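You will see two complexes here that share chain A, one where it goes with chain B and one where it goes with chain C.
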Partner chain A sequence: MKERRKRKVTAFDVINITVMCLFGVVTLLPVLQVVAKAFSSEGPVIAGLVSFWPIDPQIDTVLYVLKKPEFGGSFRVSVIVTILGTLIAMLLTVSVAYPLSKPKLRGRKFFLYIFVFVMLFNAGMVPNYLMYRSLKLINTIWALVFSGVFSVFNMFIVKNYFESLPETVEEAAKIDGASNMCTLVQIVLPMSLPVLATVTLFYGVGFWNNYMSGVLYITDASLKPLQQYLYDLITEAMNTIDEAGNIADIDSAMNLTGESVRSATIVVSTVPILILYPFLQKYFVKGMTIGSVKG
Partner chain B sequence: MKKLLSFFLAAVLMLSMTACSGGVDKTNAGKGSTKKPVTTSKSGKDSGKFNESALSGKKPELKILTGYEAYNFNEQPANKLEEEMTGYKVKWFNLPQENADKKLILDISGGESYDLIMRIGASSANQLFEKNALQDLKPLLDKYGKNILAGVSDMALQSVTTEDGVIYGIPHEAFDGPQPGGDPYGILKGGIGFNMKYMKELGKEVPANLNDFYNVLKAYTDKTGKPALTTMASAWLNYVMAGFGMGDAGWYEVDGEYLPRIKNPAVVDYLAYMQKLYKEGLLDNDMPINTIDTAKEKFTNGTALAYPVMFWAIDGIYEAFKATGSDAKVQVATFLAKDANTKPVVYLRQGISALSCIPKTAKNPEHAINWFNIISDKENFKKIYIGEEGKSYEIKDGSYYPIFPAFNDFTNSDKFTGVLQTDVAFKMWQARARKTDAMAEMYDQMNSRVGDYEVKNYYESYASSLPEVRDNDAALGTMVNDKLIQAIADGGDPKKAIDNIIAEWDKTGGKEYEAAMKKWHDENKDTMK
Partner chain C sequence: MSRETKTIENVSAGGRPQLMQPTKKESFGRYFFRNYDMYLLMVPALVFVILFHLIPMYGITLAFKDYNLFAADTPWKSIGASPWVGFKYFINVFARSDFKRALTNTLLISFYKIIFIFPIPILFAIFLNEVRSVKFQKGLQLVVYLPHFLSWAVVAGLFVTLLSSTGPVNKMLVDLGFEKVKFMMDNSVFRKVLIFSDGWKEIGWSSIIYFAAIAGLDQECYEAAVVDGASRFQQIWYITLPGLLPTVVMMLIMRMGSIMDAGFGQIFAMYNPTVYDSADIIGTYVYRMGLGKMDFSTGTAVGLFNSIIGLILVLSSNRFAKKATGKSIW
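Let's look at the complex of A and B:
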């Protein structure tokens, strides 16, 4: 066992760590302010008194957001899309990555080129929209699911990981009579938990944060995903003012959502992904590097 | 054989994956191109053949597309009320807030079969019409739209009628005030709000003209060293512009010539006045980067003496004062006069705020117009908009007041209404303006001396369907606003600054815009009083 060498702490280390810590804190401050605003009364928020700690604390605003049918509906849509989408995405990703990780697969290079090609070039918004229309997916939850259901990048991460697994383990399973499917499910996948967790997180976060699909494919308010709901809420004031700063729509201007309600909505909608993150974090860094080229 | 089958299955699976992938998420709406719908002639004459017995039989569910709102239309009390009133079940769809125009064109050109597109911007409707996507409403209105035709002014109808008589939209006219010559009470909805605690300390009265306004601001800044007036980043402070004979209007008739605001000779004096306020620190020097929220913060936390206040914002302002430990009240200087001997001027919009149209892909155009006609009946409009007298609103001294909690059901009802003569609708709207005691008090305070004002009606939004307006208005408006803010902050020669902006205006489409507006003005000036 190697003896751990004691390293002298230099001035550079101290400055480096201090700067990095400060940087970390600075990135956290806006989040803290949004949380503080969510739990403050409207008055201190309007007066700009809230910095990083709630003033005149209350939870009524958060409760109001939770009870709002529009928020509840969008939240439900995003949860369903995230769970359903991630499950289907993982199934498809593994189904493609596994055969492509086998050098003996005939036409492997051809398929890999096709995947690389679509990574760089895609049909674009209008053809995709027309395809979704012709498949009658517009204003259905499947439009939100299918628009992010397969990522070539994620597939390559999983494929590279599968390639790094020792061939001998699979050979041993085959000798014991395991089929391809059995080898994949019982041998390869349990050995690939880090990469599966990472890619699951990628897909999960991707589905949760998906905004454009809602804009493109959804006009039914009951199917609006949470990110679209959030964006609309945060920027709704733009609707009411014209280029010269005049009020263009008085009735809408009178009903604008207050700053503390907007903050509470952001906080509440961030919670699910924050809860998920710590459980998958331990796999996250490992999985990111594990599929990469080894030295 | 088994190997061949495996290869085939793997190939199908992978090809299907390549089709599904491609990063739709990475695209953005701005890159889209549009495809023309499969439609017939633009003249719309083909669309006059409507089924005579179209309204017989079971009423279909109508699909209506409308603009973004923060709420779900399908769950609003007004939707339920309309279902009972009209007998039609309506499924509402909403455009997104961002890139709504592009999404609208994508949907319609993709063949989506909405029965009605309700309350979209005039330029969006115009674009759809140019893309040959809208039905001619004339035969439908003649047959099923009696209430609609009665609720729309001739000028509004004319603005959506082409030379060959095609009507491509139902105009929703703005009811910012009465029709010309009507009772002006209620037209003032905002002004420069003053913190009266500070005003008392200064021993000053709320100013009514430009000189007094300057003196009050100067007294505060001299005393405290703080900026007296704060506002969001906007070059056009209409309450101050009033002192220079301008206001919310974007176009002015000066010596018989119809000119955009930037070419109004009074703009130079206005700029010089604003530069003076800025240079002397009376106007917040952060104005060019202020948002509404930051400006409001500075007013409510006691930094600034004055801030433009709309009457509906007053409850939040008082709450914020309370949070800072202040019991200050706000009084408002509405549109300022040039001097003590001049009558203050207020510009009042008469025009179109939105259009409703029927796409050629609609499956039930006759039913859609019939539905719209029912909700445009005067009594039905009132029921949808503010409810029933004695239940959700009351009339005191000829003014409308809300009755709570019943009025809560009508918070979002404005987007469900049809069309009605603007002065009738304006009276009803005032119930909304009095939703809280503070709002009512502020609204009435603002309008307490409305009789002293010279009301000038402006009509330019009737021209918003012109292609030259659609193509240039937003971009030129933003350019002028940005450059004027810069000129206020720079403090250079005002005449030179305005000349530079005018040169940019002429270079970037302003000339075409002006020519079209002048032509429109010449054709319509007799009807504009």
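Let's look at the complex of A and C:
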């Protein structure tokens, strides 16, 4: 590899790399300005002096956000929902993907049709809401768990992966008298760790980032997940303006909720994703290329 | 010939019929009993799908009923107890100007997103692939994939801050001698904000599939082209682009299938009453009518209208994709 042909650096290369760098900069700037605001002093933030670099750096705003009981509560709800939800989701997904990956299983087509139908056609927001309400799931953690706990798309990824495994290993296990269940747990699952990691992360990020279920099913402040808390914080100003009938300047109201507090909340609630990001990136890219498009 | 193979297989399985392999003339009952554990494994997911996906479909009847929440002891039983009214709610809502506005906005925003965002990941993948340094490629990918992992609530927060009257963008406009723009409040620019922020979040991520396709192209073609003296642009034009075409066609067709969703999660997090004129879409309309104003029947009717058109679009685009490229998503 050391002997890669040395090419002349052409004008094309220069322009291309410049454009690519610009791409990266445009991606980073919106993130940077929020980080800058979160770590700047209140004064420069209100005066609108902070752009992309902190002025008078301090960590008090971030500490203030971390100590807020509402933030702590929401963070806890999000952690519980993400862990519980991902666990249940993986159990459901793997257990149904295995039988469906067996082409010879009788009735397989019928079950597949049910799942494809469910994937393509949804009853809609209102019937779903009434169902949750009738099951007394409104304002419970279970509403957040159940609304994201099974994804047909993820199930198909796992199923397609199972189908790609060599049959001979499983057959050998069965000749030795292993039951279907036993084969799944002891033979198939250990061979499928990459796809299991990918789908676990799909579910995990999905649960963590879901703010919609909270908006639909949670009104109790102590049960709001972190993303809903953030959503409320961001739209709060817009809604008060709506009620007052005053639409003159949205930002004067924004300042009341504290632009720096908002920025700090955004930063802090994204940190878990950022810590996991290198793993996420690796496995997500894999997930995009395995099993998603079937030939 | 095939008979012989079968016998050998059966012998190798210890003379016993293999699991899952139905032996000839075996009744379904016996087969089911022999493989009961496989069916048992499907039960949890099936129960879930029935409870949270299939049973709620009964609630669709709401669209054809005068719904009274308190007609029976639970909201769900009230559906059965409410009287039928036929297409009343559909006829009413189709005549409303705010519904027409939502439908127009849905189609417009979707089309704008396809026109302005869809081509960029393709170009990005092609030109990043032309950068010789693998380290640069990997590093930039790490950066541009990042926004995909942020929730719309976070992205809305980022853009509200970025575009506020004291934010960096307006500061720059003032420094350059322009007037401040109320990006989040102005109907003439808000759609541009929506399209830009959607691009910001997903362009990098969407390029993955094209990177994979480029990596799968035959490298010898490029070597041959270089020998023949082809320039970089000629290589892109005559090798990379044609090689990518099937993937592009496939992705475009699939994208067309989801036109009825103009980005509910995004718009719900970013819009506000001042920009309903340019950004209220079917999804947000259903939410406000159905759950906001508690007009359940209208909400269900609009939702059903949207789902049916969406379903038709997805099914036809899948069929179309199969014809065009020989591939489909299921």
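Following the convention adopted for this analysis, the second predicted complex is superposed on the first by the 256 of 295 C-alpha atoms of A that agree within 3 Å, B and C clash if a C-alpha of one lies under 4 Å from a C-alpha of the other, contacts with A are read in each partner's own complex, and residues count from 1 in each chain.
The criterion applied here is as follows: a contact is a pair of C-beta atoms (placed from the backbone, for glycine too) under 8 Å apart; a residue touches a chain by one contact, two chains touch by 3 or more.
Please read these numbers as outputs of a predicted model, since none were measured by experiment.
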| item | value |
| --- | --- |
| Overlay on chain A: chain C relative to chain B, clash or fit | clash |
| Chain B versus chain C as contact partner of A:271, first or second or both or neither | neither |
| First (chain B), second (chain C), both or neither touched by A:69 | first |
| Which of chain B and chain C A:95 touches, first, second, both or neither | both |
| Which superposed partner A:128 touches (first chain B, second chain C, both, neither) | both |
| First (chain B), second (chain C), both or neither touched by A:48 | both |
| Partner chain(s) touched by A:59 [first = chain B, second = chain C, both, neither] | neither |
| First (chain B), second (chain C), both or neither touched by A:148 | first |
| Touch count on chain A, higher of chain B and chain C | C |
| Partner chain(s) touched by A:185 [first = chain B, second = chain C, both, neither] | neither |
| Partner chain in contact with A:118 - chain B first, chain C second, else both or neither | both |
| Steric overlap of chain B with chain C in the superposed model, located at which of 44-52, 62-70, 80-88 or 98-106 | 98-106 |
| Residues of chain A at both interfaces, chain B in one complex, chain C in the other | 46-48, 92, 95-96, 99-100, 105-106, 111, 114-115, 118, 122-126, 128-130, 133, 146, 149-150, 155, 210, 212, 215-216, 228, 231, 233, 235, 238-239, 242, 247, 249-251, 254-255, 259 |
| Interfacial residue positions of chain A with respect to chain B in the complex | 41-44, 46-49, 55-56, 69-70, 73, 92, 95-96, 99-100, 105-107, 111, 114-115, 117-119, 122-126, 128-130, 133, 138-139, 146-152, 155, 206, 210, 212-216, 219-222, 224, 228, 231-233, 235-239, 242-255, 257-259 |
| Chain C residues within the chain A interface of the complex | 12-14, 18-22, 28, 31-32, 35, 37-39, 41-42, 44-46, 48-49, 52-60, 62, 74-77, 79, 124, 127-128, 130-132, 136, 140, 142-154, 156-162, 164-168, 171, 182, 184-185, 200, 204, 208-209, 212, 232-233, 250, 265, 268-269, 272-274, 283, 286-287, 290-291, 296, 299-300, 303-304, 306-307, 311, 314-315, 326-330 |
| Interface residues, chain A side, partner chain C - complex | 4, 7, 10, 12-13, 16-17, 19-20, 23-24, 26-31, 33-34, 37, 46-48, 51-52, 91-93, 95-96, 98-100, 102, 104-106, 111, 114-116, 118, 120-131, 133-134, 146, 149-150, 155-156, 171, 174-175, 179-181, 184, 205, 208-212, 215-216, 227-228, 230-231, 233-235, 238-239, 241-242, 247, 249-251, 254-255, 259, 262-263, 265-266, 269-270, 273, 277-278, 280-281, 284-285, 288-289, 292-295 |
| Contacting residues of chain B [partner chain A, same complex] | 7, 10-11, 13-15, 17-18, 20-29, 31-35, 65, 67-75, 91-99, 103, 106-107, 110-112, 176, 189-190, 232, 234-236, 238, 248, 250, 292-294, 296-298, 300-301, 310, 312, 316-317, 319-324, 353, 411-412, 414-415, 429, 432, 435, 473-474, 477-478, 481 |
